[in-house]
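My questions all concern the structure below.
Should a chain be cited, it is by its letter among A, B, C, D and E, assigned in written order, with residues numbered from 1 in that chain.
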Amino acid sequence: MKEHSNSPIYRNGNMLILAYDHGVEHGPADFEPNPASADPENVFEVAKHDAVTAVAVHKGLAEAYYPEYSDDVALMVKVNGNSDLRRPDDYYSPKQCSVQYAVEELGASAIGYTMYAGSDYEDRMWQEFREVQEEARRYGVPVVMWAYPRGHGIEDNPDYNGDTDTDVIAYAARLGLELGADVVKCKYPGSKEETEKVLDVTGKMKFVMSGGSKRSDDEFIEDVRATVEAGGNGLAVGRNIFQREDPTEILDRLEQLLY
Amino acid sequence: MKEHSNSPIYRNGNMLILAYDHGVEHGPADFEPNPASADPENVFEVAKHDAVTAVAVHKGLAEAYYPEYSDDVALMVKVNGNSDLRRPDDYYSPKQCSVQYAVEELGASAIGYTMYAGSDYEDRMWQEFREVQEEARRYGVPVVMWAYPRGHGIEDNPDYNGDTDTDVIAYAARLGLELGADVVKCKYPGSKEETEKVLDVTGKMKFVMSGGSKRSDDEFIEDVRATVEAGGNGLAVGRNIFQREDPTEILDRLEQLLY
Amino acid sequence: MKEHSNSPIYRNGNMLILAYDHGVEHGPADFEPNPASADPENVFEVAKHDAVTAVAVHKGLAEAYYPEYSDDVALMVKVNGNSDLRRPDDYYSPKQCSVQYAVEELGASAIGYTMYAGSDYEDRMWQEFREVQEEARRYGVPVVMWAYPRGHGIEDNPDYNGDTDTDVIAYAARLGLELGADVVKCKYPGSKEETEKVLDVTGKMKFVMSGGSKRSDDEFIEDVRATVEAGGNGLAVGRNIFQREDPTEILDRLEQLLY
Amino acid sequence: MKEHSNSPIYRNGNMLILAYDHGVEHGPADFEPNPASADPENVFEVAKHDAVTAVAVHKGLAEAYYPEYSDDVALMVKVNGNSDLRRPDDYYSPKQCSVQYAVEELGASAIGYTMYAGSDYEDRMWQEFREVQEEARRYGVPVVMWAYPRGHGIEDNPDYNGDTDTDVIAYAARLGLELGADVVKCKYPGSKEETEKVLDVTGKMKFVMSGGSKRSDDEFIEDVRATVEAGGNGLAVGRNIFQREDPTEILDRLEQLLY
Amino acid sequence: MKEHSNSPIYRNGNMLILAYDHGVEHGPADFEPNPASADPENVFEVAKHDAVTAVAVHKGLAEAYYPEYSDDVALMVKVNGNSDLRRPDDYYSPKQCSVQYAVEELGASAIGYTMYAGSDYEDRMWQEFREVQEEARRYGVPVVMWAYPRGHGIEDNPDYNGDTDTDVIAYAARLGLELGADVVKCKYPGSKEETEKVLDVTGKMKFVMSGGSKRSDDEFIEDVRATVEAGGNGLAVGRNIFQREDPTEILDRLEQLLY
């Protein structure tokens, strides 16, 4: 973990990452509530809102769409991901973009990486994360870990109550700090108090909540507020933004809350 | 995805790729309807027709036959493939040509890569595709993804109706866009309407239909017409061309339709 | 094994390594007896005590916290580790920091590596240790092997009485010497006599006992004394230090005993 | 496939490769019919006969014996192979010589590679063949593929009648052309007519029959004659030569037949 | 196989390799008959005897002890090995020293490598041996193969009578010649006659017998004499030397016998 205090993905130390990796992770089904969201151009337009500090996409979308938006928003390239078409024995997220390509050719200001702690493939992902993290250091860009504990190690452990168990979230978040992430993105553990428990073990590392599936505006805003009040640094959000036809109002509210 | 607007594999933004990888994928059985097609020279001769913008072959055929045709047609080297002799546990297509060799030594203007989304080996192919795609970028040549979803993830998923399910085709096509393909080659989903559903999620990326097994001229031409009318950019075709003794007439009709 | 007689991790040939890798290996649960220990800053403060010759942490903590303490204590970067979230078929500890990054960027004076001899993955770890050890040689920094025999080879062997069997500890310690470690860190085998048996086979290599789980001060000090009297060179200790609110007194006693 | 028209392994476009890889593939048992054949020197002496255009051996024999024969015969280094001591789950032939070492240090004029199409390890061998083939191109030396279809994909497929089925031989031979071999070495399919069926699909690539186990002179010569009359380019032969005490006469007959 | 006629590991073409890799392969148990043998210094002292042409040790012992003995004896670094703590599914010996490190940093005059022909991991070891052998060639140092056939391919094959079957030893020894070893180290097959059968197939390559477990002086000396009379080049011996308190007399006898 390093400060990167001048990184464009931070605004007053906080951030709102517009995550648009759903075409990879969930497929076109996630675009159905708002069919316009299938067109990356429409989502990049949303990213122009001042509340958004970075747009997180995979390589192909960055190549095709980011050049026209490079003055409007910082780019975070998600360098690994996995489709929902495959049904693996346990969770693994292969790398499909090199850090070099992301930074040098695509203009990335930050790197995103999914880590499935608890999976049988955790080891392999640690090793891949090592290379990603050290290469990102050479370019001086922050690394955001999507800390998603899941897999046999979580499911089969009677001490854990699934992947929303605060103990599980806290352990996975701590691994982000230990392995050298600069920001960790975790599922919201349910309340300000539980978030504080997580933040007790994440040291200086920044923490953002994961937007999750779409819910009412007030519920969603309250979760973000609790995160920030607990000491978190904002959120990475996708469906709660792009699944609505006009996200301006909710982004306005988030901007006010975060900065 | 990048534009590559000057690439010789496009003509007015559309393309007809004469695919001749059947000696690898299906073996000599595919040459039986027209025994002359076993001789690559005869197929390269067909590729001289103005309708054909690129001939897609494996390394060995490119080495032996392309030098004499380099003035007549652009070369697309298929850098992975798999034989039908092996009966694997799930689909995988190993790489048998480096991009460097394809471009520098064989004169390739484009790279072809088969992706079996849904297979247990999808992860490995994503990683190999990453290297292929980024190396192709260094040479400035477009990458065409043979987006062929298949394997346990498709077969064992009750939500899917096999590999011609529009949802499956659309997801696999979207992955082409997300992973950085410039053109995606998909099975024809059965109608103009279904093709439009696929094209709704493929953004700026070009789309070509796969010729498939041989059928009547009118049926075949109608499928191509529907593809183009839905917004597609042409086709990659093998058996429907080389399994006939004189493909001139059908190529004339395709030329008229496409450009 | 090389002497590295000028290494800052040694003081009069002995050492006290403050190990703080528990956030990786055991997770936040290890911080519960003394919640302040979850904050790395508090543990780095403890490392300022003159008894401590090196602080052993993972990459991320070194990045975030060591710069402010580089005048106070030598840094040992633990380059592999594994979380307790995953439940693997046998023990393996993946590498998450390169030696180059540890030395050049983090300022490491020594490298730590966990070796699970007896595990099904022992082979793979030997190979990874080879690269780590040879790269450390290029930088002239000592390598400390956490020699932790465990896994099927130990559990399923009726000749062995688990991982505290002196024969097992001695074999694993000897492997440290043979594979090129400079210091080996082993579980305390229970008495001065048993420690001597281990030291009979470790040649010139230095030997430190592992602090283990927290116990009474006198018991703990006696184990260290027996280790030193048997010819050992000190200890690597975590929980017996950071799980107490003020470890000054115990560190004073250790300092007197060791140097 | 490239012409390599000046290669010393060809004589008037044909070739007789004296294959002496049996010490690896079958072990000393193959030397029993003629014990003198166990000494490589004796076999290299045979290779001096004008009928022989190349001697195909593994790295170790080339190192030890070829220097004294480099004026007499061209060297083909077999860069992969496998012993009969191991009983694997399916066929695989690991690489034990780099192309660089073969050409630069051993003086190889050609490279030999065994491909087990149909095996569960076919994929891995394709990938290894790719590297071998492309490195051979850098040195301008031809690549001879031992095209030996076998393994589960052949044995378990009811459509195939084992590895002497002409369809299987033809498919495997075609793969040689597609993957970039310059010469393919196949089992004799039993008659001139069956050989012609194979040659119908191998394009410009050269074709040699595999000598196989020892049989009567007339039978053997007839098979070679049929191969050449069908359009083949000669043979690679071991046991039918070195298992006789004086092979001069049979080599004389082969020379007359081939050139 | 190359001559390396000036190598210090040979004396009049023969050799006595003092093998001291038992701390890795068997663990401290092998030191029990003569506890002083646990201290490498004592064994290096033995290596000063003129009968000994090379001492074979692993990396760590070479680092720590060889510098003081470099004027007295040549160093052979054993670059792979495996502990007896692990109980694998079949035999495999991972590499724990690079040839570069062995030669450039440790001063090795020769490289030792264990090959388990017949094991399920034979393939992997062939590939690793290839790299080791070719790197050793770059340094001009001989490679000694510990040719130890074992594993499922031997145990499950009813044609073989275990790993002391002369046919098995001969095949494994021949593989040494074919793969490019300069010296092969084999189990003694029981008599001069059986040794001759092995030497019939090993060509110019040197052959040494493996000392094996400790037995009476006369028995041991007779085995060595039979080996030399059959045409062998000496022995590699460990326990029959270091498990006695004063090996001078037996070394005197061996010196007389070998040179």
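By definition in this document, contacts are C-beta pairs under 8 Å (C-beta built on N, C-alpha and C of every residue); 3 or more make two chains touch, one makes a residue touch a chain.
Everything numeric in this text was worked out from a predicted model, so none of it was measured.
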item	value
Both-way neighbours, i.e. chains that touch subunit E and touch subunit A	C
Touching both subunit D and subunit E (chains)	none
CA centroid of subunit C to CA centroid of subunit E, Å	34
Separation of mean Cα positions, subunit E and subunit B [Å, integer]	56
Junction residues of subunit C - those touching two or more other chains	none
Neighbour-by-neighbour ring order, given that subunit B leads and subunit D comes next	B, D, E, C, A
Subunit B contact footprint on subunit A (complex, rising order)	21, 23-24, 27-29, 31, 35, 38-41, 58-61, 63-65, 81-88, 92, 94-98, 101, 105
Contact footprint of subunit B on subunit D as seen in their complex	1-2, 117-120, 122-124, 126-127, 129-130, 133-134, 137, 149, 151-154, 156-157, 167-168, 170-172, 174-181, 200-201, 203-205
